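A, B, C and D are the chain letters, set down in written order, and residue numbers restart from 1 in every chain.
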Amino acid sequence: MIAAHLPALQVVVPLISAPLCLLLRRPGAAWTVALAVSWFALAVALSLLIEVSIGGPVSYPIGDWAAPWGIEYRVDQVGALVLVIVTAIGAVVMPFAGASVAHEIASDRAYLFYTMYLLCLTGLLGIAITGDVFNLFVFLEISSLSSYVLISMGQDRRALTAAYNYLVMGTVGATFYVIGVGMMYMMTGTLNMADLATRLPAVADTRTILMALAFLTVGLSLKLALFPLHTWLPNAYTYAPSVVTAFLAATATKVAVYAFIRVYFTVFGEVDLFEIAPMVPILMVLALAGMFVGSAVAIFQNNLKRMLAYSSIAQIGYMVLGLSFASVTGLAGGIIHLFNHALMKSALFLALGCVVLRLGTVHIDGLRGLGRRMPLTMAAFVVGGLSLIGVPLTVGFISKWYLVQAALEKGWWPIAGLIVLSSLLAVIYVWRVVEIAYFRPAPEGSAAVEEAPIFMLAPTWIMAGASIYFGIDATATLEVARGAAEFLIKGAP
Amino acid sequence: MDVLGLFNYWIVIVLMMIGFYIVISHGNLVKKVVGLNVFQVSVFVFFISMSKVRGGTAPILEEGIEVYSNPLPHVLILTAIVVGVATTALALGLVVRIRDAYGTIEADEIIEPEEDGA
Amino acid sequence: MVAIGLTLVRLRDLFSVAMLFGIFSLLAAALYVVQDAVDVAFTEAAVGAGISTVLILATLALTTSEEKAPPGRALGALAVVLVTGAALIYGTLDMPAYGDPAAPIHQHVVPRYIERSAAEIGVPNIVTSVLASYRGYDTLGEVTVIFTAAAGVLALLGRRRGRVGIVDSLQVRQDARKDGEVPRSVLAPKPILRVVSKLLMPLILLFALYVQFHGDFGPGGGFQAGVIFGSAFILYALIFGAHNARQVIPAAVRRAGLGAGLLLYALVGVAGLLMGGRYLNYAVLADEPTHGQHLGIMLIEFGVGTTVAAAMIIIFFVFSGQDR
Amino acid sequence: MSDETTILLCIATPLAGAVLIAITGSRPNLREAVTLVTAGVVFGLVASLFPQVLDGGRPAAIMGEMLPGLAIAFEVEPLGMMFAGIASFLWIVTSVYSIGYMRGHHEHNQTRFYIYFAVAIASAVGVAFAANMMTLFVFYEVLTLSTFPLVTHHGTDEAKRAGRVYLGILLGTSIGLQFIAVIWTWTLAGTLDFTEGGILRDKASPAVVGVLLALYVFGIGKAAVMPFHRWLPAAMVAPTPVSALLHAVAVVKAGVFTVLKVIVYIFGFDFLAQVASGNWLLYVSGFTIVAASVVALRSDNLKRRLAYSTVSQLSYVIMAAAILTPLSAMGAALHIATHAFGKITLFFCAGSILVASHKTLVSELDGIGRRMPWTMAAFAIGAFSMIGIPPTVGFVSKWYILRAAMEAEQTFAAAVIVLSTLLNAGYFLPIVYAAFFRAAPAEPATAGGPALGAEVGNGGLPRNHGHRREGHGEAPLTVVLALTVSAAGILFLFFFPDLPFALARQLAGVAG
């Protein structure tokens, strides 16, 4: 019986546990709840992925009201993959959170941290699973509001302004999204994605729908930090608590990208977007610009969190680029990068979290000689960095391979060149860190630094290990990504 | 095209843009929040406008009434209003904290003396 | 409304801005009524004109009330706004005319609500049946959002050292203020106010309960009721001092209410699931589907009301607990 | 033991060795014993595959799929056999040498050195045995990264700068050009397996082939075709055993090996000759040969001179391959082997001189042959092999390349070989001459001119060893032992060249 209700449980269990955490109030208990829920959610997500891979999409009408009258949950391969990403990151990050939160957040507020984390998880999962455009908005807001709070919990006071800016930009984005939804609703009378997909072609060439698409695009681009709408991201990632950065960097923008995929390939799946909208080439240009600007700015950052934040902007560029090819290979490349980037970025940010715990700084100068003093942490960082570059045997290589292949399939030479060129920029910023950590002596008279505790190292290395494992054997992930891409491109909702 | 029929929407759009303008052009953090609210309320009005049916009444079932306005946008907007107020509350909470930390609520006065000290 | 909007842009005195915004919101509410959206109007009036304005005022009291001259980057912003507006207007060109009953939104999906909700759910207020049942899940999300906001405000501002609350201090300071837009009469410790408000309190609470349970038949429901319930206490706090109000409802109760409401809602869903339906299927809760729907809607509306009221009170108390 | 296990063990053993070295790092004797034993075992494993390959067998192993349709797979064919054989044999020799050198030179971070050396060998064997371009590319990149810490071993600013150049050029070319070439090949041919006769036949137009070949040749930065040769001289700052690794054992060999593989198994000789898109390669490599020789001639720093000599010699292999006849393929394969032995000997000698006397400049070497007879004798043999004077093995490979050029009527190639031989002689013979037949400088260079010159001109070796040892004799025993073995190898292979020949001939068969 439980199996039939997995889609509902996926979201509802974290949702129920959030008020529980609030009522429990003890940091330890809250942490335990959050941990248990995260792992439970991962189990659910995995079984959903398996179910979907075998039996095709699953639909779950909430309240037994059939779509389009009620809200429908719909899990297909992409959705399930994103669910797995989000829950896996959550599950791995939580053990890490115990020590890191105790270090960075006042203990009388820690239970609120876990409450917020669970809400954020709820929101992200809700976005990934829902089949209703307005329901997506509601869960988008749940995840956004909670992430604003999470970010503002950072130690630095700049975390506050970062959160505020994110809030303003995020709300504008969400409002744009709602305008888009409203326009679509106006022309079709429905909010269900599948229903929209069947009804949209009839009105696709109206100016209203064109603008609806434009507003949806802009709104979601704000959320996923597509260049040049990325300005909220660097500060938000830089000043948020380490755990939050690791979690959000690996999930929040990914889920936004996912929502983007949903809109473009499910809702507008039956419409030939390339015919009606100049959006696709624009997206491609923006993605490329993001790749270069992000990487180029990252080179000049001295705060490592900020450096990685800019690198995220570049990586988001890769994903959107993959989508903008609108070919199976390109979309698969985008989806696989979604997964891969989540792995490597969380490894990197978790490693930085260890550094913060021990050093209290992520300034590049503080890392002198750290390769010797915290060998395991820095080794994980290097693995993540290599993956960013796209060195073989890491996941980054797989993504890059697919994106380049997609570009070549279309015969778009210069783009293939640009992809590798921008990955070479990654060499520069990653290598700055490596040189400092390994080839500079520790500053004179610096306090002895020991390795991070096992509770923090283990999650870091799980992520680093995963980014190697899935770099060596990418068949499983690629199968899912390709399957998802084929499914989406066919436009069958 | 029925210009009169669209006039309603245009007014709403003007309102939206006023709100949006406040958000992006003003440096005062509270004013930004107000702008955000204006923007959102206008969007709500936009939704409600589309739900109106000429000659319809409020969507509460009663004997003898055939034409009701569309209840679905009402529901959506109820939700959206709540989301809006939630956002406002959080934003204002942040403003208070920012004021505590920096002593100002003007965006351009929030300057950081030290660079990259995190 | 446009006029108010434009004034808002120019106005620098933030207290006036807040008040104007309240009026703006009320006007919007009036507009909703004109357009048959009574439920929405109710909420907008309570929230936009009520809660939001109070919150903004509280924030202003905690910060500053004068806005600096806007910086010179207005031209770029204007350009962005104009482009966006132009895009929107361009988008409207193909829209169905206002009030046109033949528009697609009135033809698809909705007719079923109108025609069959009486039979399927048995609640006259279609908005309620859509809100609580057809799209009950959205509403669960909505309650979660409120919960998030309240918990978030707690996380941001909660329990920050023992301070004299702003509302308490306002009462002391308000005589010194001569020109402020603070509704000081409300705050003044005048006997008449005390008496009137003491009389009012039970009425407001009663009204809240009415709105809570009448939502099935007329405009109203858990959300509006929660707001009204919350505002009753806010009123109490304004007049008798936040300190006293805090004692009426202790922190633990507030927090419990916040969590319990959401839990109740979510668990009603689980109950539906356990009794053989899908998540949030109320029909299975009782022998007869419409009874089940009734029961479910009542329960979840109660959950909504509890959380919303608790959230309102928490948010207000937290803000009022701040120090300048 | 099945072939599959053997092949996988060939790669796994050095990695396991690396782990063991890391564990035993605190006890140098044990650590070095581990290194030597591992090296021995790997060579044994590689050698055990030898008979089978000679009989025409192609042992293979599959490690698993990386991408759908693209496996990490290994297949031992003659060229790879030869490369793996050289690499694993010279690892033993280099290890012996390193022990003496690193200790004699009081290097720091010795454990790190041994670890990455072992990883580099593992990836070199991986490159050698790769069954498809994808696998090769993967190990090629691992090789780059694992040798980076070796290049920057000293950790000085100069070493870091060199490391940046090294990594920048090698990663830049491989990701920027080779990577695209690989994927492009994949989209064109639908496979990346090394297949006899190539996989691109009829799948690509001549123009595409030309571009693709350029992407490969320049993308394989390790082959050091100009203008992507800068990393080699820059990497001279590394300790001498590392230079040996770069120049003889693994890195540059992996480069030319890959080029050869690509030309033989991806394009196919026939196909390339048929579409005639590869002629430019002849000129580019010819130019590299001559230009690098000229630079070598003008360098006073011994290691720098050797480095440019390497750049030049590598292009021999590429030029030979570009001639596109079976005979030239054979010459190219042989030259990989002969250059490996020759160059490693020369580097050992340079290191030996450095350890014993702290001299780095050619102009300081007058009369040194009398103090260090073994070293300088080995140097002479190595130099002869570079020039191609019998009875050294260098003569053999050069002879084949020249013959191939003649037969194919490639007068340009033939002229380049003759010219460069003269240049080789021009920059090697004076060293030998000075070492043995010139008197040592009357006034020992304690300070002043030569020392100052050394400061300016040396490749960045830290001169923190105090005063130079004037009364020096030979280098430490293991150093001398190693260079003697490799020098003996040069002579041995001239008289008994059967093994490399057999392999090269098979390759020629494939190519033809």
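Note that in this section a contact is a pair of C-beta atoms (placed from the backbone, for glycine too) under 8 Å apart; a residue touches a chain by one contact, two chains touch by 3 or more.
Everything numeric here is computed off the predicted structure, so don't read it as measured data.
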{"item": "Result of counting contacting C-beta pairs for A-D and A-C, higher pair", "value": "A-C"}
{"item": "Separation of subunit C from subunit D, taking each centre as the mean of its C-alpha atoms, in whole Å", "value": "75"}
{"item": "Cα-centroid distance, subunit A relative to subunit C, in whole angstrom", "value": "31"}
{"item": "Chain centre separation (subunit A, subunit D; CA means) in Å", "value": "44"}
{"item": "Subunit B and subunit D: spacing of chain centres that average the CA atoms, whole Å", "value": "68"}
{"item": "Overlap residues in subunit B, where contacts from two or more other chains coincide", "value": "16, 20, 50, 72-73, 76, 79, 83, 86-87, 90, 94-95, 97"}
{"item": "Multi-partner residues of subunit C (each touching 2 or more other chains)", "value": "88, 92-93, 95-96, 103, 105-106, 109-110, 113, 135, 138, 141-142, 145, 148-149, 152, 156"}
{"item": "Junction residues of subunit A - those touching two or more other chains", "value": "134, 138, 141, 145, 148-149, 152, 179, 185-186, 191"}
{"item": "All pairs of touching chains, each written as two labels joined by a dash", "value": "A-B, A-C, A-D, B-C"}
{"item": "Of subunit D, residues touching subunit A in the complex", "value": "64-68, 72, 137-138, 141-142, 145, 149, 152, 155, 159-160, 163-164, 167-168, 171-172, 175-176, 179-180, 183-184, 186-187"}
{"item": "Interfacial residue positions of subunit A with respect to subunit C in the complex", "value": "5, 8, 12, 15-16, 18-20, 22-23, 25, 60-65, 68-71, 108-109, 112-113, 115-116, 119, 122, 126, 134-135, 138-139, 141-142, 145-146, 148-149, 152-153, 179, 183, 185-191, 195, 199, 203, 206-212, 214-215"}
{"item": "Partner subunit A, residues of subunit C touching it in the complex", "value": "87-88, 90-96, 103-110, 112-113, 133-138, 140-142, 144-145, 147-149, 151-152, 154-156, 158-159, 255-256, 258-260, 262-263, 266-267, 269-270, 272-273, 277-283"}
{"item": "Complex contact set, residues of subunit C against subunit B", "value": "1-2, 5-6, 8-9, 14, 17-18, 21, 24-25, 28, 31-32, 35-40, 43-44, 47-48, 51-52, 55-56, 58-60, 62-64, 67-68, 70-71, 73-74, 77-78, 80-82, 84-85, 88-89, 92-93, 95-101, 103, 105-106, 109-110, 113-114, 117-118, 124-127, 130-131, 135, 138-139, 141-142, 145-146, 148-150, 152-153, 156-157, 217-219, 223, 315, 318-319, 322"}
{"item": "In the complex with subunit C, residue positions of subunit B that touch it", "value": "1-2, 4-11, 13-22, 24-28, 30-31, 33-35, 37-38, 41, 44-45, 48-62, 67-79, 81-90, 92-97, 99, 104-106, 108-109"}
